[in-house]
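To keep things simple, chains are lettered A, B and C as they appear, and every chain counts its residues starting from 1.
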Amino acid sequence: MFGLDNKDTRLLLVVAVLTLCAPFILNPFPTDSAMAQFNAGYPDLMQRFVIFGIFAIGFNILFGLTGYLSFGHAAFLGVGSYSAVWMFKLLSMNVVPAILLSVVISGLFALLIGFVSLRRSGIYFSILTLAFAQMSFNLAYSVLTPITNGETGLQLTLDDPRVLGVSATADGSIPVTNLFGMEMRSTFEMALGPWAFQFNAGYYLCALILLAAFYLSIRIFRSPFGMMLRAVKSNQQRMNYTGLNTKPYTLAAFVISGMYAGLAGGLMASMDPLAGAERMQWTASGEVVLMTILGGAGTLIGPVLGAGFIKYFENIFSKINDHVLHSWFSFMPDGLEDFVVFIIHPFIGKGWHLTLGILFMLVVVFLPGGLVEGGQRIAKWVKGRKNKDDSASATKTPAE
Amino acid sequence: MGILEVKNVGKRFGGLQALGDVNLSVKENTVHAIIGPNGAGKSTLLNCLVGKLIPDTGSVMFDGQSVLGRKPYEINQMGISRVFQTPEIFGDLSVLENMLIPCFAKRDGAFSLNAITSVPSEKDVLEKAEAMLEEMNMADKRHMHAASMSRGDKRRLEIGMCLSQEPRLLLLDEPTAGMARADTNNTIDLLKEIKEQRDITIAIIEHDMHVVFSLADRITVLAQGTPLVEDDPQNIRGNPKVREAYLGESA
Amino acid sequence: MDAILLQILNGLDKGSAYALIALGLTLIFGTLGVVNFAHGALFMIGAFCAVTVQRILNLSYEVVDETQKDFLGNPLKVKTSYVESWFGPEMGGAIIDWAVPIAILFAIPIMILIGFVMERGLIKHFYKREHADQILVTFGLAIVLQEVIKYFYGANPIQTASPEALSGVANVGALFGTEIFYPVWRIVYFFFSVVIIGGIFSFLQFTTFGMVVRAGMADRETVGLLGINIDRRFTIMFGIAAAVAGLAGVMYTPINSPNYHMGMDFLVLSFVVVVVGGMGSLPGAVLAGFMLGILEAFASMNEIKSILPGIDQIIIYVVAIIILLTRPRGLMGRKGVMEE
């Protein structure tokens, strides 16, 4: 289907079902139950899941296939956000032109940075991208204030021209982002017994774009172009002596992944029309690296898993506090309860970055293939056990 | 006029004159061996032919066109393929994918943004790669991880990859270095087969005299950066200058 | 003239910090071949060593002083630090005042220990892995270290004062017959870093240990073949590099109040410094550190900013990009180190 083989089609369908049913899947606990804090089915959180998923999918096209580790991809996300907000300020509140512009501008920006950075490889490439991103961040904070509004961040105002729209709505407020009239913030709530599910227009737009982005990434992975990118990672010398010019291949991968980042930035601004320089900081670039590696670099589904994992824990883990912990461990004797809470305390709430750092190190050391490899290992182990049982019973049968 | 004409090529590295004044003419559809003791400048010469090094003086013409100043991939696209001393293959890819890449390079050129079709749907390239694997007796290994193969198989794969580009000149850099006797003999048989069945010119740099005398139509002996003699194999065998170059003055 | 001199001085303190961190990075890269993204975190930990020492020295207990009364007429509780009660108020006060320099003594063993543990426990396993993996795992470690510090010390910058006697300004211009006032501590910092850099260089130059390490940097395998246990020496080098970063951090605290993410802030710039100086070149790292520090100071002059607005923010990156593209091995890098 869609030019994919059976396995990839199945993968795409699984992702489609997961994203489209996310409002249900992420809200498994009744609203007033004790576990409700683990629900993640809020529009803005779900939007972040898919937007960062798109970001990581794009990053994976560069890092996962070619092995070029960029530490500056957040710059493209930031550029995408700024472009989109400018579109909202100047043209209209429709998200389509904003998203298109953010993809185009970040693509051009990636072309420029990639052209220079890709003249080097290995660690030099990483440092060059880092330098470029940090430079963009510093510029956005200082000189480029007329474009970026510096520290405050770029926001919509009532006197923006909005040529094809209105500067202000009838009741004097700033208009909201929409897709041909459908407001991105509009949410339909469905109460089902004790459960409440939220269906948000913005989320579904992001989810559909994620599916398209994921589909495109599968096509790239399976295409001759994708194979060439893996060949770049494997042996550049052989590439050159096989009549292949590696530069345009890596540059194309860089630009494509930059456009994915810009798309993510544009979507972010479409959901919440503001853009700040902190989105471009190198720690933000580090985050997408974490997502991709944690999920499994070079695999199709890995980056999406990684993005979901990190964003879920960032929002949910960080909400657990000592009070919650005490209620969980209240079955223990008092002294032990306090001790357990004391031990866990540094890793939750504000300390969730610590958990993330440790987890990330463990993955790099023991599980270079990330969560996907972990899943495969478990599957293999289960299968292996099953086979062993089967063969054990098979050998037993004749004896009986 | 040979297909490859090397004229007055010289190359210095700092104080070391790696190549003095090399003249070499490789005739079409022959096997031309370049031999010489260690440090004779064989590898430097080879690197000058494929664009890795640019000689200080002289010219290198392939089929009437100069190769100097061109990048390795451009020279390859002109029709020169190179086999390395240690097999250079795509270790992370499967054997079939290894074979597909040169086939795509042959069809689509140095760069193609072919991101929309899928590899299995490219029937013509796939058939060609499969046929070449068949010819190399590697069809049963097509899904193997290339890095996990034996050295002899890697060499076979590399030669197959080069052949699938249908080059007019195949450069071999000590193709049997570090191989066991059996693997060496297999490689010789393979190269003989290639020589007989294809319209191809082969230039081979080799240490192993057994390999050289089993294959070469013509031999150039290189010593201290300059060609000592160029002759037919039978004349080379008895040449006292060659013996001297190889065994030192005491011989 | 004065303005130029002042900018050079202004560049020296930041330049010293860059040079010290870059020196450690280069030692680690040159000897172990490891790209250490956690090096900034070591600088930060050093700074927090100073904070810790200051806190320890300020530990105090309360005594009820019957001779003094508060405004309600109750006996006043007076806080006295242990140090003051042991050494007497004058001596004790001086010790507390000199907390930052004293922290050096405390930081050296701690940093060396941290370095050993890091190298033996983690880095060792990454010698043979790709540089990308090294970057990733040390990046993870940097996050962990900074979060641990944040957990214990909070997220806000902690003011750490230099000794009273060194906290004023001095007329540096007197040396040149003009008047330029400049904070004393920054001058101290500069000389401190010069001493450390000189110490490292003479250590490498004049001791057998240093000779072996230099040989190892040039050709690890051969030195290994000579039957010299290069691994143990490299562990020690890692400890030393950690100590250098830590000391740079200790002494930097009065210049900039330490916070948990200062390491990351310095790391990016230090890497740029290493690359500009030439990967694997110790003199290059030092030279580039001072050079970029001074360049940065010049770029923040109003005269220059009015011509090229924002240049102070990006000058280092611009220089790095130009150098990397025109001279990939950096100012003083050896040929073949990490090229292509």
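Keep this in mind: a contact is a pair of C-beta atoms (placed from the backbone, for glycine too) under 8 Å apart; a residue touches a chain by one contact, two chains touch by 3 or more.
Every value quoted in this text rests on a predicted model; they were computed, and no experiment measured them.
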Would you pick out the chains that touch chain A and also touch chain C? none
Central chain of the complex, centres being mean CA coordinates: A
What is the distance in Å between the mean C-alpha positions of chain A and chain C? 35
Just curious, how far off is chain B from chain A if you go by their C-alpha centres, in Å? 46
Please report how many Å separate the Cα centroid of chain B from that of chain C, as a whole number. 53
What residues on chain C touch chain A, complex-wise? 35, 122, 125, 131-133, 135-137, 139-144, 147-148, 150-151, 264, 268, 271-272, 275, 279, 309-310, 313-314, 317-318, 320-321, 324-325, 328, 338, 340
Touching residues on chain A, where the partner in the complex is chain C: 67, 69, 116, 119-124, 126-128, 130-132, 134-135, 138-139, 141-144, 282-283, 286, 289, 293, 346, 350-351, 353-354, 356-358, 360-361, 364-365, 368
Partner chain A, residues of chain B touching it in the complex: 50, 71-74, 76-77, 81-82, 84, 88-93, 97, 100-102, 104-106, 108-122, 125, 161, 165
Interfacial residue positions of chain A with respect to chain B in the complex: 3-5, 219-220, 222-228, 230-231, 233-235, 237-245, 248-249, 252
